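The same subunit A turns up in both complexes below, where it pairs with subunit B and then with subunit C.
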Partner chain A sequence: MLRSNILKSSKRLLATTAEQSTVNSNTEKTWSSGSKSDSFKAGKNYREALLNGVPKNGPPSLRSRKYKLRYTSPVGINEAFDEAYEFLKTKSQNKYELLSKETDSDKQHQLKIEAEINNPEVKFNFEFNEKLENDQRYIDYTQPVYRELKKKHWENYGQMLLMQRLESLAVIPDTLATLEPKAEVSLKFSNHTGVNRWIEPGMLLSSNSTTYSPTIKIQEFDNVDISNELYTVLIVNPDVPDIEKNSYKTQLQWGLSNVKLDFNDNVISPKKLLEDKSINEIIDYSPPVPEKNLPNQRFVTWVFRQNNVQLNEKISTRDFDIREFVEQKKLLPIGAHVWRSSWDLNVANVRDLYGLPNGTVFQKVRGKHPLN
Partner chain B sequence: MSLLTGNIKVWRFQSFLKSTSLNNINNNSTGNINGININQIRTATKKVAGSRTNMRDSAGRRLGAKVAENEPVKIGQILYRQRGTKFYPGENASIGKDHTIFAMEPGYVRFYMDPFHPKRKFIGIALKSELRLPTPHFEPRVRRLGYLPIEDKSKAQFEENNLSRKNHLLKPQILQDLKQRQINRDVLLDNYSQKLSKLIPNLSNEDNKLLSKRYLLIKTHLQNGSKLIESQSIATFIYLQNIKLNLQQQQNSQIENKFDELKQNYLELIKLGDLSISFDNKFNLIPYLSENDRLLKIKELDSQLNSIFNDKNSNRNKIKEQIKSLIYNNNLCTNTERKLLISKYLKTILSEPIGLVNKSDKKQSSISKRWNYVKNKVDIIARSKESFAFK
Partner chain C sequence: MNTINSKIPKFQSSIIQQIRGIRTKKSRVATVSTGTQRVITQLSVISGRKKYPRLLKLSNEDRIRHETINKAWSLYQKDLRNERNEQLELQYNSILNALNDLKQVDIELFKVANKKEKGKRFPIDLRIPVDFPANKVWHYEVKSNKK
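On to the complex of A and B.
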């Protein structure tokens, strides 16, 4: 059913008010059974306007009555929209028909995306709702189309920023050779400070904020069998001073394996750590305690797929060769994150809390003695 | 316009003719045009002898390599002097303003090419004599620490306390702020523990302290936008982590058992606490209220306000005060709910058809003017007393 009467459009040419819509608001305009259209964050009136045209009292995006009254729809826009909508709908139905015959998983995934990617409701849901901490009622990442949209969104900024930071801070190749990012890794410290803020890769954090282990969110985009997949998370510090060798060594700050994730519920938070007994803690969390007068230290979070292999190993020593470990356990790196720490007045308190020995104080001026 | 351009074209043609005829004259060294004899003379244009400006070459600038391949060098040592960049600085080398290449690290000189810049030649420093440059692209960098620890304990202590000017100046203020925050926190803690002892009467002092600390932390997380369940688990997690660390430092032989015991006790305690305590909208502790119960109470408030609002018999001003106090003193509604209630019950002028009267009846009505965007003119609106909820 068309949203507006074509005969009325001639009148609308002269009208200064919003068009009178002759809408049956109950018309069902959802393309797939999976789209959860009845719950809509932006309000019912937004959804109705999106699917059924501009209502009688002006578009809902205009708040003030003044502007609502002034609003005039462009001539023929509703008819054009209807035509376009019908066209896209038939195209999408074609895709669904193809999908019902398809058996290959990857192609099915692609068809599912193609069928819904032009759905105005899907686009609206994604555009106007929280993407990182998603509400499943509006953005449901179990649906391939939302994952695809999020992937595009991430590739436009987040991924580029991450890779730039990893390269300019020489995280690659200092820890692992390189990274082909497949999943978005976000990190924050939900701890005694109460600060609730996602960390941008490369940020310099105080020793107070990193006292307790971070909360890590891993958003998968690929068509993986997520119910069977296991994940490993390693946090390494490649900047531990090695005075004997006059160089640096790598330490493992925290290690988790056998982490089960979901497309929506994918945060390794204190809650998950308390409840999920299947998670194997390779080594317990050791906070950043940089030494005085040394350059900033990098703390690199690496996330791996385990390829369905259980990893029940525990490590007791902190000295760590991440390249060897990854090769041995056949882990596939899918994402990374990095933050930096430097010495501050609170480091001594953190050492005290964790029972670590006093930090070494280094000379302010860098010496000239060569590498052995 | 066309006239003007026509003129220019004509003028250009004439000048072209002139120049061609002159060229003809020049080509013949002597010629006879219209009976005039022209003899061309070549005058001297070049100085025969040398002058002061020549022969003033500077001494050689001693450019070129100052070190050989694999030669050990110190920091800052000059490797190559050049005009322009014949060589580029490679690994652990840098370039000066006159393009002099010098060492940034002690090591061994390498002249090399890099596949990433096939047209450039590099001079770099390998930190070890056996290393080749460039370092393979995917291998970790070879790095020199260079910093030495201060062995003398008192000197080390002195250096640790030594702050930059900026931090030194900031430190007293930071300490003061810390102290103030601690005081504020103590006040809140005290408040919470008093409330707790009322809400859960038979609670031991220690448990009271634990729970009030827990709720203080949950409060900060809630204020920063975390969800209640998340905040609760963060508080639990941090407490457990703290006791674990504490036990590890005591080097107790039965750490595991002790930890499990303490953990069990704490989990039972918080189960009791979380089932008997909630937060109100100003983060005070109140008896436990589930979300559904809270919504029910808000509904009750709404209906109560409705009945008061529609009470025709009592004084409207008094009603307004009553509604205000009910809305603003309610400790269960969220900010959004409060705003909705305010817009519903504290509006002075009721929505439109109520109380609109004919404007001719001026004594009975109050007149206001409003711009009508549809008709593009001013509307005069007359309202009777009915249309005002309060005076």
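On to the complex of A and C.
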């Protein structure tokens, strides 16, 4: 009884305070003076509501007029937010002051993150915009804070999924011994035969969709000197049948080196391959053509940093020892991806298209001697 | 009167949604027998929905504002905590220095200062020093009503 009485009076109170606060706090709010990039500002439709409180006609993030009018903010959120914003702003100001005195690159990087990580506009931009195919106006990965947010986001799901698939499909240790993931590698087949979406690691793809070379996106998170760094991409198939040894061998399906990347423009697409003459194609793309009656084949994409060393080598034979190659060229693996292929009715067409010899149909036969 | 009424419930209903542990639906006219109603009530009390508070329905903007407030509050608490810990560390070091000096000056006094008083309990009538102490410190004559 008592509680409901309090409740009634507080509702009245809310009605008056909410209207007052929207009237009072119409002044422009700005984050600390060091924060200069436009990508630290929320989109113009949302900025007002985010910083000065939800207006009378409802939050801009809600579409329907009915729900806009029905919406009310919690009691006292505007006053509390104003206090919180001022508090966090002074913290950020301190970080920018430290940053102006700092000379060490890694510490500067860390301070740049700390100065902006609590900015509500940065948080809003990152949360409610496309993260993988980013719009630079809102998510600009040249800013360390957005890379840090993306890294956290990736570590929460994408990275764990990748490592689980790499381990359960025994990609590690079948190709390289292990992987310490440092960059996010995404892959899709964005041509007329492909599926126009990013491939989840371990997906089973049809031979039609993998007819032409994939588009690879490599998102770096670390504080690397990206303008001088070169990258190598290798796609290997460790499941090629080796009849002489009664085992499997590894073949190189595609190899690229001397790839230059940017934090935002980091897609290796067919267009980029045509335009950018500095990219060295170690070996041209060979599509997956799995043999009939054999288990699924794994196609593993490995991405390496070259540590500023040019790699102009070309390889003509497909048979490949990836471990030896990586050791020889002193490559640092930073990311990987894997998809699987199995024989289907379209494999013969793909073989025709690339002029490959006819495949082998494997049968189950009982041998004279036990095989070891 | 009618226009006012049509405005107020709309406002109230949206607020009530944000209040935890309070019935938000109006009670309907009983269509089931009391026995059945009792069973329904018991089941609804032990249902999963009652075990966690109802979600706050916040718009995207308000969610970020709410998180910002929480972040600022936790950083403020962290600052206070750090300040207190620094103070305690200084106090501890000061005690340690004083005891080390005492050990140098007079080993007997040092032993007395560090004597372990086993079985000694905190005096229950010891009071916390306050700005305005009571005139009568302890009511010794008060006895329990039990016979």
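Everything that follows uses one rule, which is that the second predicted complex is superposed on the first by the 308 of 372 C-alpha atoms of A that agree within 3 Å, B and C clash if a C-alpha of one lies under 4 Å from a C-alpha of the other, contacts with A are read in each partner's own complex, and residues count from 1 in each chain.
Definition applied: a contact is a pair of C-beta atoms (placed from the backbone, for glycine too) under 8 Å apart; a residue touches a chain by one contact, two chains touch by 3 or more.
A quick note: this is a predicted structure, and the numbers were derived from the prediction, not measured.
Novice: Regarding the shared-chain residue A:Thr360, is it in contact with subunit B (first), subunit C (second), both, or neither?
Specialist: A:Thr360 sits against subunit B, while subunit C stays out of touch.
Novice: If we overlay the two complexes on their shared chain A, which of subunit B and subunit C does A:Ala84 touch? Say first, second, both or neither.
Specialist: A:Ala84: touches subunit C, not subunit B.
Novice: Could you figure out whether subunit B or subunit C reaches more residues of subunit A?
Specialist: So, of the two partners, B touches more residues of subunit A.
Novice: So, A:Thr103: does it touch subunit B (first), subunit C (second), both, or neither?
Specialist: After superposing on A, A:Thr103 lies clear of both subunit B and subunit C.
Novice: One more residue to check, A:Arg70. First (subunit B), second (subunit C), both or neither?
Specialist: So A:Arg70 meets both subunit B and subunit C here.
Novice: Of the two partner chains, subunit B (first) and subunit C (second), which one does A:Asp174 touch, if any: first, second, both, or neither?
Specialist: first
Novice: List the residues of subunit A that touch subunit B in one complex and subunit C in the other.
Specialist: Common interface on subunit A, subunit B vs subunit C: 70.
Novice: Show me the residue ranges of subunit A that touch subunit B in the complex, using the header's touch definition.
Specialist: Its residues touching subunit B are 16-17, 66, 69-70, 170, 173-175, 177-178, 190-196, 212, 238, 241-243, 245-248, 269-271, 273-275, 292-294, 345, 353-355, 359-364, 366-371.
Novice: Provide the residue numbers of subunit C that touch subunit A in the complex, in ascending order.
Specialist: Its residues touching subunit A are 10-12, 14-15, 18-19, 22, 56, 58-62, 64-69, 71-73, 75-76.
Novice: Taking the touch rule as given, give the residues of subunit A at its contact with subunit C in the complex, in rising order.
Specialist: Counting only subunit A, the residues touching subunit C are 3, 7, 11, 14-15, 46, 49-50, 53-54, 59-62, 70-74, 77, 80-81, 83-85, 87-88, 91, 118, 120, 123-124, 127-128.
Novice: Within the complex, which stretch of subunit B touches subunit A?
Specialist: 72, 74-75, 105-107, 127-128, 137-150, 156-157, 159-160, 167, 171, 174, 217, 220-221, 223-226, 229-230, 233-234, 236-238, 240-242, 245, 248-249, 373-374
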